[in-house]
Amino acid sequence: MLSLLKSKLNEFFELVAKETLVYLPVDNSSGQASYQKWKEGVVYSSALNTVRSAKDFFFPQMENLMDFKMQGKSVEVVDTRVEKEDFVIFGVRACDVASFSILDKVFLADPVDTYYQNRRDHAVIISMACSKPESTCFCPLYGIDATKPEGDLSAWETEDRIFFKANTQKGEVLLNNASRLLEESEGQIVEVQRETTKKILEELPFAHLDLSKFKGENLMELFNSPKWAELSQSCLGCGTCTFVCPTCQCFDIKDFDTGHGVKRFRCWDSCMYSEFTKMAAANPRLTQLERFRQRFMHKLVYFPDNNEGTYGCVGCGRCLIKCPVSMNIVKVIKQLGEE
Amino acid sequence: MSMNGANEFRPNIVAFCCNWCSYAGADLAGTNRLEYPAEVKIVRVPCSCRVNPLFVLRAFQRGADGVIICGCHPGDCHYTSGNYFARRRMTLLFSMLDYLGVEKARTRVEWVSAAEGAKFASVMKDFVQTVAKLGENRRLEDIRCKRQ
Amino acid sequence: MQKESLIPSVGVVTDIRQETPDVKTFRVVGLDGKKLFEHKCGQCAMLSVPGVGEAMISITSSPTNEKFMEFSVKKCGCLTSWLHSMEVGQQILVRGPYGNSFPVDTTLKGQGLLFIAGGIGLAPLRSVINYVRDNRENYGDVQIVYGSRSKEDLVDYKEILDEWAADSTIKVNLTIDKAQDNWSGHVGFVPNYVKELQPALSKTVLICGPPIMIKFTLMGLKDLGFKETQVYTTMEMRMKCGIGKCGRCNIGNKYVCKDGPVFRFDELGELPSEY
Amino acid sequence: MQETMIERAKALMESKSVVRVVGWRIGEFGYDVTPSVFTTVDDLNGNFVYNDFCGSNLSKYLVRLSCEEGKVLVFLKPCDTYSFTQLLKEHRIHRDNVYAIGIPCNGKIDIEKVRQAGGEGITAIRSEGSTVIARTLYGEKKFDRKEVLSERCLNCKSKKHVTYDELLGEEGEVLDSHRFDMVEKLEAMSSNERFEFWRNELSRCIRCNACRNVCPACTCEKCIFDNDNSGVSNKAAADSFEENMFHIIRAFHVAGRCTDCGECSRVCPEHIPLHLLNRKFIKDINELYGEYQAGSDMETVSPLTSYTIEDDDPSIVNRRGGGHDA
């Protein structure tokens, strides 16, 4: 297996960054990790998860879609997209990589969202295997192997080295370009690490929750369950869970009048917000119960029903850690999943 | 923000003037042909206490380099006590802006009566000079609203 | 479908008709004077004005009209008020078409049709009615029941009288909510009128109007012996982004902007009552 | 204390004095407790918990619950009673419909601090005296309780309960806290340094609105940031201006009403020290308009709805000590 001495990691980033932008998880002043652009002095963080997921790269919280120029009665539409350069995302965990294919099912479905597609096409994903999962992780529940993440290039971090395996053409090209830093070394240590981690993953408290009830044929029964009232009563109606979630993809499109033109932008929106479904007709989800139910029904029932059984959750555990009132998808699955 | 030939910075100033005193003061300055800088854009408000902190912030967003609020002298408010409330609010707001690192000289409150046309003109001249020295508003700017 | 799903085309308003005190019909073509895009009966388009917003509006002209598209818009919010204030020659933004359509070329072919509309609810049905008129041989009896608050509030009144009512193969029944001086026709609410008219049970029903009208008309139709599988409606007022991605319009696992806006009532019956 | 509370709640429920109880529901790991409504004795027996992780302030739930039929029992920690009193003062809670029991608080643990101190993979956690013992996927770990206490509890302003119907445990005192130390430190910085400090903090904001939604002082029926007609309802901050604007307005809107309960900082997913904005207002109010603690009584008029003729002009900001302009 090709590997890189960790002491040469900085050199590796420097080399890759000569060609393309490189993003990697970095510890910020809050003691948590966030993706940042590599520049001299930026240090890779092997923190398990960034606060915000990697979906930002393809579906940013805020993006300008187009500009409008108005003069008299005429309107001109200006596509403000610049041809994007390729970029490399380093250190994406298996759960986040899995979330990309869930987002693809939404944004690349007909009609294709070209903004998303453009960024997707330009990205090279270097994933990072997990070796120290949190108790809030539950990716095995969805069949995700955290010890063998997907992506253009899979990576494993050991005591002193990072091992690489290319999964796509893009990944191979990147490895070739960096070949002078890499060396062929015994990959046995990776297999050992994988086995150890697998054992931990297997024993994670939520690795084997019962999802059997969450399927299309139980839609009405689940929807009408009296348990939603109790589960949703503590919900603050904030957007934390939806914004840290790697698979939440609701958005809003708005116009901003700059005083010398109009910018149309897209930004994240949250189904937990009271005004989310306010539409021409009225607001069909007036209470927090309905909004709370929508989020979990979408992830656990509607989405799999429309997408060959793929759940709209990857078990990254961010919402378990971040919810201000500790009400989360695991508690919902446990409550509703029992007979 | 605008630049003239001599590269001198000319700030955008928004002045919120209370209808009963300061706006009349500005009017008096005009009828007496007292000059005050053209950079000052006056927004008439019913009372200085009508000025919500958001007004101040949004003036900065939309390109103001300085914001000044003018009201009746304490004790002279048309609505008895409006300017007393405005005084507390703006004190706290300005202090907060300072705390966030926004230059404190960009914000000001002045009491100008309907009879003080000359004071209005001199206050504005002074404020424009002060803000001009600070340069363009960078710390509370909305880049989208800047003209390229 | 346009190539870029979110970037609208520029359309020019070439004609504005004041239909009622609060409804205007706008005729829109592309900058080249041609129709912006082809559509099917019951589909919608996203109209927008920079800085004001976007709104989903049903295309009221028939797909058989090859020259232009028309939109009947009721003035009720920011965007619609803006549209009402514009003049001929104004450019606006249009993207679409969105949604499924009434199955005029499949299930409805050969069927007798009963159109039931209330107020501005006529807009999406007008597209179907004119399509049916242009392909008259493909359909059985056609009956239109249309009601409004007053005579002045009947949308497309001129077209109804001059063209639809003049067509001997179409039966038109109009009603208004309250009696007024210059009205000699029926007075009363649509649901009751439908019951009085006793339409043939063989007809397929296409219904659109205020939710409360739909609710009571559907009850009335069931009392008459109609089945839910015979009744279609459209829910375009629930659409937001139009492309099935923004996450708002779903009713259960169905997305109004992709699986709808045209639904048969038995399909809606299988979904959570969250609409 | 947990047992006493459950017993008291059960007794009140059985005597039909109250029909529901607002408390904390046990989670999966001991630290993930959820504020919850209990309506049966069985539920109380099995799921009611009061431990070092019951940090959430229950007073805001009363705005909704006190409007419902029947009396509600609420457990309030000392700092929660300030929020409760402030809400009563603003007529946001129907007092007749609430039975408030004051409970002691020994400070709450910040689970994020435990995580950052090496508490990875926690599956169970409890305190024993001054030690916090965590069972983790990687073995048992021990922490000094003081090291993992949340910031707001390290700077606890009061152990005294303001408003209650009944008190469990001993009554405490108003404390001499050092809660303004960090504000002073910031004030002493230069304008540039302060700007950098806040940019670094506020640029992480994801506009999830958790700080607003959890805040007991934020009880507007419709927030200006949710109102499309306000012109500021942008759901995501487009740039640094909108980040600043949201946080200035949020803090300003609760100025004079904020009891400094610290919930905003507790819930922030990005760990932005939002309490430092609120405390700045509190400190300024104290210094300029006299000592004022929101929620400490029902009578004192709030500093922003009152004035004195002698108040300083806003130019005082220029003359006050602290950092200099760059």
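Labels A, B, C and D are assigned to the chains in the order they are written; within every chain, residues are numbered from 1.
Simple rule for what comes next: contacts are C-beta pairs under 8 Å (C-beta built on N, C-alpha and C of every residue); 3 or more make two chains touch, one makes a residue touch a chain.
Treat the numbers as computed from the prediction; the structure is a model and nothing was measured.
Visitor: If you average the CA coordinates per chain, which chain's centre is most distant from that of chain B?
Guide: Using the mean of the C-alpha atoms as each chain's centre, the farthest one from chain B is C.
Visitor: Any idea whether A-D or A-B has more C-beta pairs in contact?
Guide: Between the two chain pairs, A-D has more contacting C-beta pairs.
Visitor: Roughly how far is chain A from chain D, going centre to centre by Cα mean, in whole Å?
Guide: Going by mean C-alpha positions, chain A sits 30 Å from chain D.
Visitor: Using Cα averages as centroids, what's the distance between chain A and chain B in whole Å?
Guide: Centres of chain A and chain B (C-alpha means) sit 46 Å apart.
Visitor: Averaged over CA atoms, how far is the centre of chain B from the centre of chain C? Could you give it in whole Å?
Guide: 53
Visitor: Just give me the whole-number Å value for how far the CA centre of chain B lies from that of chain D.
Guide: Comparing mean C-alpha positions, chain D is 36 Å from chain B.
Visitor: Give the residues of chain D that touch two or more other chains, as numbers and ranges in rising order.
Guide: In chain D, 238 touch at least two other chains.
Visitor: Send over the residues of chain B in touch with two or more other chains.
Guide: 144
Visitor: Which chain C residues reach two or more other chains?
Guide: none
Visitor: Using the contact rule from the top, write out all pairs of chains that touch.
Guide: A-B, A-C, A-D, B-D
Visitor: Could you pull out which chain C residues touch chain A in their complex?
Guide: By the definition above, chain C touches chain A via 1, 3-10, 50-56, 77, 87, 89-93, 211, 235, 237-241, 243-250, 252-253, 270, 272, 274-275.
Visitor: Under the touch definition given earlier, write down the residues of chain A that touch chain B in their complex.
Guide: Answer in residue numbers: 256, 258-260, 263.
Visitor: Considering only the defined contacts, which chain A positions touch chain D in the complex?
Guide: Contact set of chain A toward chain D: 28-32, 34, 48, 51-52, 61-62, 132-135, 200, 203-206, 230, 233-234, 236-240, 242-244, 252, 254, 256, 265, 267-270, 273-275, 320, 322, 324-328, 330-331.
Visitor: Going by the contact rule set out above, which residues of chain B touch chain A in the complex?
Guide: Those residues of chain B that touch chain A are 62-63, 144-145, 147.
Visitor: Given the complex with chain D, which residues does chain B contribute to the contact?
Guide: So the residues of chain B touching chain D come out as 53-54, 57-58, 60-61, 74-75, 81, 84-85, 87-105, 107-109, 111, 139-144.
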